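Next, two complexes with chain A in common: one pairs it with chain B, the other with chain C.
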Partner chain A sequence: MQKIIKIIILFIFLFVIGIFYISLTRDTNYNTSSLINKETPEFKIISFDNSNFYTRDDIKKNNYTLINFWASWCAPCKIEHPILMKLSQKKNLMLLGINFKDKEPQAKTFLSELGNPYDLLAKDKNGKHSVKFGIYGIPESILINKELMIIQKFVGPLSVDDYNNIIKIIE
Partner chain B sequence: MKLNLLLLLFIFFSKFSFATEKTVDPNLIHKNLRCLVCQGQSISDSNSDFAQTIKLVVKDLIDEGKTEDEIYEFMSDKYGDWIVFKPQFNTQNSLLWILPYIVLIFGGFLIYSLLKKRQ
Partner chain C sequence: MLSNLGNILLFLNVILSLSIIYTANRNLKISGGVDKNIFQLSLIQSTSIIICFFVLIAAFIVSDFSLITVYQNSHSLKPLFYKIAGTWGNHEGSLLLWAIILSIFSFLFLVYNKNHPKKFRLLTLIIQNILILGFLFFILFNSNPFSKISPIPSEGLGLNPILQDPALAIHPPLLYVGFVGASIYFSAAIASLITNYSEKSFSLSIKNWVLISWCFQTLGILVGSIWAYYELGWGGFWFWDPVENASLLPWFAMTALFHSLIVFEKRNLFYFWVIILCLITFTLSVTGTFLVRSGILNSVHTFASDPTRGIYILIFLSLMIFGSIFLLFKKYKKENYDLNRNSKETFILVNNWFMMFYLITVLLGTIYPIFTDALTDNKISVGPPFYNAIIFPVVVVFLLFMALGPKAKWIKNKFENIRTYILILTGAIGLNLAIIFFFKSYSLLSNFIIISALFLIISSLMDIAKALKKNKLDFARIISHTSFGFLVLFIGLNDIFSLEKDYNIKLGETKKFENYSIQLQNLDLKNYKNYQAVIGKLEIKNINSNQTNILNPEIRIYDKPKTLTYEAAIKTSLIKDYYLTMSNIDRSDYYNIKFQKKPLMAWIWISVIMIVVGGSIRLFSNAKNN
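So, the complex of A and B:
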């Protein structure tokens, strides 16, 4: 009987150590892996100039679409802007820019100073649309294919590595 | 007189119908959702931009008639299980839910056998 008790104590000890190990090594940062290979959510977002709405049908027209959430008040958005300008030259890729919780005059100034890389430009005044795409901070970008599947999600400003990665996928 | 009676009946039945409806408490949902951009705060505790947006979306989902569980499911779908403080039961965390019961049964059996042996 004492042998059983010793085994149980050892089991409990190992279990506690195991729980501590898993908890301490677990990555608690927000992870976008749950969105990859999922279908793009239904959306109907107003264009920047209030002239019309964009939906999933606009994405279907292109082989690849990169949805980029940005704002004029977001400093990292300025860092990634040259990469977006380079991506805008790729014929196989459409850029849908979503202006996030921004003021229109400032957003216009931002684009006139740094250039407009977007084929389609929409706005998300209160950020509600961003939740559909699992956005929690900007800039964030989502690469979608013609079948409306999310291929990749980029959290933070696009880097040169991200650019190369996108080019590799679309070409 | 008739009008008063009708009015009373209307109030009674409208109250009754409201009482039978199950209301979803947004504050309860906010408390069970984690603010992803804050340190250990819930959506309810935080005034961050992210928390404000989530509160708006929760309000919209309640207005659409979604239940509390459906709202958690929606949020988990978009941000992963990490956003919910009380995770849903699934294959990945099944051990976490089942293990206390196994330990309880096993412990009970152990105490029973020890007592029996002493007697």
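So, the complex of A and C:
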């Protein structure tokens, strides 16, 4: 009996140290790039004006969709806004904006001042829906094709390079 | 120049450690007392490592940027105080502090334990020096604070501004004395196993060291919490962050240890359990260091991480663990306890169970994310809800035992005055109801926690009254236990009665809520030596009492490195703290302010200090009796 306990204790310590060792060589930074080339998760998210819900069916209607997570309190969101405005003129790209953990009046002011680039506008008041898309800071944008495949993920504000990149893909 | 001097001193220390091990080993084989040379070598060792540390401090003071450590963590414009504190505010410098504490404890243990067997003392010294060597090699070959950089940069990168704080200057040294101090009873436990020194007197050789490390550990944790409270800017003081947990784990083990030592000293029971706790405490310290410094855990503490460090500490840790396990298995003899279920021994054992329960809970919560990540590729984080759900309900029972335990008699106890306990319990419930009646109601669990805390406080206070009559007062225990009761009570009340409001506010604007009004009266821009500050002037008015308070939260713009920090303005009084933070909103005239009313904050700190006071009283009375 004592022998078995001893072996178990040894095994536990070996196991813990083994895990520690494996962890040392792993990248501990939270990274969601693994979502690329995967199918978009199912979602049902309420529109900004509470009038209806958006789901994956709304994405299927267009060749490409860019989901953009933003908030009025987020300074980098303002920086990328002109790029979104430009993207909104592209015909085969739908822009789905998800207003993230925001207050409605402020969000409205934001859009009336800087313009509304979004074809569809939804809100995620407590941030729960965004988790499905692996969002851990905003702004973030996800480019999805008609087959619901995630093509690209943009962490942080969209840059001019990102813009050119998106144009290249959708045209 | 300073670099060479530092390196020479480090090498000298390696040689000294080796000579101590060699001399002590030779001394083991001959009869007579401990060789005088060993004392001298040990003294020289402590002195030279301290000098080595001063060399590093000097490098920081004169801003010698030829040293990478100084370059990365200092700046010539930094105030002198923070230049000095910067010495241990980084990985390399703090390891040197490790080595100092290891060496000083090694020397003092040798000097202060003259009544114990020579073989035990020498072996403790040898093991401790093996630990010292381990750290010296780590410093020399992996984390050398005296490494040079070429070409020499003209300016340093600066110390992270949130670390430029008096509390944080003393936090690491306090904590290190705590958990590095645990090394000495780790060494002593190994020596005791090897030499079969398992008499009661073994407990005398280590108990003061346990108390010293425990007092410092507690203070270190306290100072860290105070810093988090006023610096991190959201009003909490404990976040269950992995690094905080790493400091709490050895604390649980130490607390269990010095309680078991009481039984071991009095009744000669639990020898192996005491040994296991000694081994666990320091092992947990090193494990904590591994988790924090290797970068495998994400945390608010931003230590630069480097996998080679991790490998080194992990090897060191494995040697410690498997060495101890091997020795323990070899020497372990089954002990038969015939404990009466109702006796002081049992109650102290119950304390240990609780400590082990807390320890395992926090340990699992801390390392669980590492396991899920390595085994399933899932990244999760374990946060406050887990700890709160598991720890707080158990605290209720723990407090009740804490009230009953100390009064129990050795060997066989009888609770004579059950009526008194029922009275105390009624009193506690009555007080709790009074709080609800006069202020507000709260959750069932909070009710239980408040009642059990009051139960502990009242019964401890009655103990004092009774003991004063008989003139037999165990101050140390009563102060610590009562203060712990108060600590839980204040944390509970603080949690229940805290108030928090969030506003966007313009200059001149006033916001009203409950019976308070808050006005942003003025904004001021000031230049300081190493930062610029936007200082807000906000008036908080209690409409009922017409009392006004002015608070000045700051937005600081640091230059080296370029960082924005938000300094909370805190108005402390004995009853409550007003806590206010302010942040700017880009491209608008609005400022976001967060106002909090936090009752009894000062008393939370005072309770912890009193717990340490209790521990120190025990320490001094022990020292006097020896």
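Basically, the second predicted complex is superposed on the first by the 141 of 171 C-alpha atoms of A that agree within 3 Å, B and C clash if a C-alpha of one lies under 4 Å from a C-alpha of the other, contacts with A are read in each partner's own complex, and residues count from 1 in each chain.
What we mean here is this: contacts are C-beta pairs under 8 Å (C-beta built on N, C-alpha and C of every residue); 3 or more make two chains touch, one makes a residue touch a chain.
Remember, predicted model here, so these are calculated numbers, not experimental data.
Residue contacts after overlaying the shared chain place A:10 against chain C, while chain B stays out of touching range. Look at A:73: by the touch rule set out above, it reaches chain C but stays clear of chain B.
Of the two partner chains placed by the overlay, neither chain B nor chain C lies in contact with A:112.
Once the two complexes are laid over each other on the shared chain, residue contacts for A:51 go to neither chain B nor chain C.
Looking at the shared chain after the overlay, A:126 reaches chain B, while chain C stays out of its contact range.
When the two complexes are overlaid on their common chain A, residue A:22 makes contact with chain C while staying clear of chain B. Within chain A, the residues touching chain B in one complex and chain C in the other are 28, 30. In the complex of the two chains, the chain B residues touching chain A come out as 36-37, 49-50, 52-54, 56-57, 60, 77-80, 82, 110, 113-114, 117.
Interface residues of chain C facing chain A in the complex, by the touch rule stated above, are 290, 294-298, 307, 310-311, 314, 317-318, 321-322, 325, 329, 334, 367, 370-371, 373-375, 379, 585-587. Put simply, chain A touches chain B in their complex at residues 1, 4, 8, 28, 30-31, 33-35, 101, 126-128, 130-134, 136-137.
By the touch criterion stated above, chain A contacts chain C in their complex at residues 2, 6, 9-10, 13, 16-17, 19-26, 28-30, 73, 75, 78.
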